[in-house]
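There are two complexes below, and they share chain A, which is joined by chain B in the first and by chain C in the second.
So, the complex of A and B:
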């Protein structure tokens, strides 16, 4: 049995605007996705902002009802058997809100222990263990309002583990953390997987998914566009070249011309401080740099380099080509 | 860490009951500290003691000035109603405040029994409301012409505790509405003054237009205040059992309404994403 299964899972949001003439807009946040996470697996749901990651997670933790399709956690349906699902799953969300500011970290954990029905004797043993795991030992009696972003994030993790759930979902857990804090957090997540937990993680950082996950599903605009191991995803672009062009003020239509140029598979634009970096992907040997520059006629161009594709490029091509 | 798993397997009815009771009592206590910011003396003294004391004095002197009723009438009415400071504002904040702290998502992601979770939040406010009322009575005793017999005090306390409880149930309804419609204060403020007008606090219900009497008879405190006035004049509890019964019944209705509203809003939130769950 898979730890998490989603079948044709779909969720729309209805937004009404206007006072007298009410208009209803339907937003297709998740458009019928399928995936399965095996027990003990560390699975990544990777996608840009607005791809539908949080919506998917909220359906799995029973906070949102799917518009259609089904999802099960260790065999329990997230709608019909919501209470069982809540006992089996630990939910950790990103960002620094969501704890009771006026309570100490310890009291936050004690309160949620009660809500998860953890008996007092077990609490006495587990809460210090979890504080140790997330590195909050010694600070647990301070009010959360004085906690740094990283400490709050780590408190969220401890809270998600209070009832010792076999399945843990983390929604962008490293968002807003400094590099050192993020690295420590990733270390903690890896440790959870090593301890036998099933972990589902969402992120919009390719390298994070690469470093942590056994398998990745790439989600874009509410649809899963690829699933596989990091190596497998990378092999999809293995036969390509990436040409990086530094440009100054390239207009939209120049970029469009580049995108439509024969042989070019994708063009991603990254804005740098003074320049734009155009990342052009093309099959190896299919285009000459000279030809590409021809499409940028009149645009001031800086350094041009060609290199091997990375996993990041695989991700960019998956998200932009679909 | 598999202790919990084993515990869950051997989950008796007993243990589940114990868990629910712990959510009710301990959970109520934590939520009070977590969400109610009037615990520190800096907030508690002005809002829970000074404000109510001024309300009691204001209406008693207004009554003296207009020669309508004696001090006791105003002291009892207002001392019971000031429990709304806790029972309406306090409770509404501990329920509706989940929106500000953005803790609704983790809260509703727990399997906790919702009845215990939400009704447990009322408990500390019942106790606090009783203290606020007692202080109101003490002000009346010390500064005004209010001198109930010593023997009436225990019976008066019973009526006041019941009224505080009913008022708190009403506050849960207000909190539930606030949770759904964004701001608790826009609902709690009018609710408090609504009670001042419709519950016979300063104006006997019989002096109000018919429709106001109808509204008043369905409000919390109305029957409790009437009972408290008689008991303070020396009537026995059994002689006001009709009023007490009605007050208790109204309280139960508000508790039930609050529970149903919170469940409906939770279900609606999951369906329509209306509670802005994160």
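So, the complex of A and C:
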């Protein structure tokens, strides 16, 4: 049995705007996705902002009712059997809100232990262990309002683990952490997986998914565009070349021309301090750099280099080509 | 047993976190003292010394209602602002069992007002604190707090579920004081208000408190207040279930 299964999972949001003439707009946040996470697997849901990651997670942890489709956690349906799902899943969400500000971290953990029915004896042992795990030992009696963003984030993680759940879901857990804190957290997540937990993680950092996950599902605009091991995803772009062009003030239509050029599979634009970096992907030997530059007629161009594709390029092409 | 422990611990936790709010001192201690002082002079002007304790008690009961109303009516929105509504709903107990300790704590905070008005009355105005049935007095206070906490549960969920009800919440302070008989005895109110008073559990709790303190039989009031509280709990739990379902459908558990 898979630990997490989603079948044709869909979710829309209704948004009303306008004061006198009210208009209702339907936002298709998740458009019918399928995926399965095996028991003990560390699975990544990778996608840019607004791709539908949080929406998917919230359906799994029973906070949102799917518009259609089904999802199960260890065999329990997230709508019909929400209470069972709530007991089996630990939910850690990104961001710095979500604790009682006026109380100490310790009080927050005690309160949630009670909600999760953790017996007092077990609490006595587990809370210090978790504080140690997330590096909050010694700060637990301070009020949460004085905690830094990273400390709050780590408090959320401790809270998500209070009832020792078999399935752990983390929504962008490293967001807002400094690089050292983020690396420590990734280490903790890897430890959890090693201890036999099933972990579902969302992130918009490709390298994070690459470093941690057994398998990755890439989600873009509410749809899963690829699923597989990091190596498998990379192989999809193995026969390509990436040409990096430094450009100064390339207008929209020049980039569009580049995108439509014969042989070009994708163009991503990264804004740098004074320049743009155009990342052009094309099958090996299919285009000449000179031809590409021809499409940028009139745009000042800096350094141009060609290189082998990385997993990041695989991700970029998956997210932009679909 | 599990549920009793859950309710007790959560109540204590909520009480702790509410007393750490700055505004709490004003609404639950200072405001009732102002009422108590006003009431004292009003009653004294009426030359009925036996009713001074009645005045002090009433001022305290007004404070209990105020803290219940504002603590419960805003309970869910408070959780939403703190960002804890999602983790609370995502935890295993039915949400009503999580919300109830919070509204009960809001009502319990009102005990500070009752205690402070009684002490104020004793110290400043020399009102003798002599209660006819001390044990029944304590029990009727506990029952009143519970019945208010349950009423708070109904309000807490309704104010969110029905926006019209929320508009009402700020106007409910004064009318309920009147209808439940804290300001003037029910017998002085027009007859058409009586049925409304009778279906409000606090009316009976207050009656029991007054009887236990000043003389009279407190037990019928205690019994009816408890019975009504049980009925409210069933209603409150149904409203909470409806709230939770709708919030999960409309994505309104978080602010974003």
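Criterion: the second predicted complex is superposed on the first by the 322 of 322 C-alpha atoms of A that agree within 3 Å, B and C clash if a C-alpha of one lies under 4 Å from a C-alpha of the other, contacts with A are read in each partner's own complex, and residues count from 1 in each chain.
The definition used in the following text is that a residue touches a chain if its C-beta (ideal position, glycine included) is under 8 Å from a C-beta of that chain, and two chains touch if they have at least 3 such contacts.
Since the structure is predicted, the reported quantities are computational estimates derived from the model, not experimental observations.
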Checklist entry - Will chain C clash with chain B on chain A after the two structures are superposed, or do they fit? => result clash
Checklist entry - chain A residues in contact: does chain B have more, or chain C? => result B
Item to check | Which of chain B and chain C A:69 touches, first, second, both or neither | outcome: neither
Checklist entry - Which holds for A:100: it touches chain B only (first), chain C only (second), both, or neither? => result both
Next on the checklist: If we overlay the two complexes on their shared chain A, which of chain B and chain C does A:228 touch? Say first, second, both or neither.
Outcome noted: neither
Checklist entry - Is A:87 contacted by the first partner chain B, the second partner chain C, both or neither? => result both
Checklist entry - Should A:128 be classified as contacting the first partner (chain B), the second (chain C), both, or neither? => result neither
Next on the checklist: With both complexes superposed on chain A, which partner does A:61 reach: first (chain B), second (chain C), both or neither?
Outcome noted: both
Checklist entry - Intersection of chain A residues contacting chain B with those contacting chain C? => result 13-14, 61-65, 83, 86-87, 91, 93, 95, 97-103, 107, 110-112, 114-117, 159
Item to check | chain A contact footprint on chain C (complex, rising order) | outcome: 2, 5-6, 9-10, 13, 16-17, 20-21, 82-84, 86-93, 98, 245, 248-251, 253
Checklist outcome for this item: Counting only contacts in the complex, chain B reaches chain A at residues 1-5, 7-8, 15-16, 18-19, 22-23, 26-27, 30-31, 33-35, 37, 101-103, 105-112, 117, 269-273, 277-278
Checklist entry - Once bound in the complex, which stretches of chain A touch chain C? => result 13-14, 61-65, 83, 86-87, 91, 93, 95, 97-103, 107, 110-112, 114-117, 159
Item to check | In the complex, chain A residues that touch chain B | outcome: 13-14, 54, 58, 61-65, 83-84, 86-87, 91, 93, 95, 97-103, 107-108, 110-112, 114-120, 122, 125-126, 129, 159, 163-164
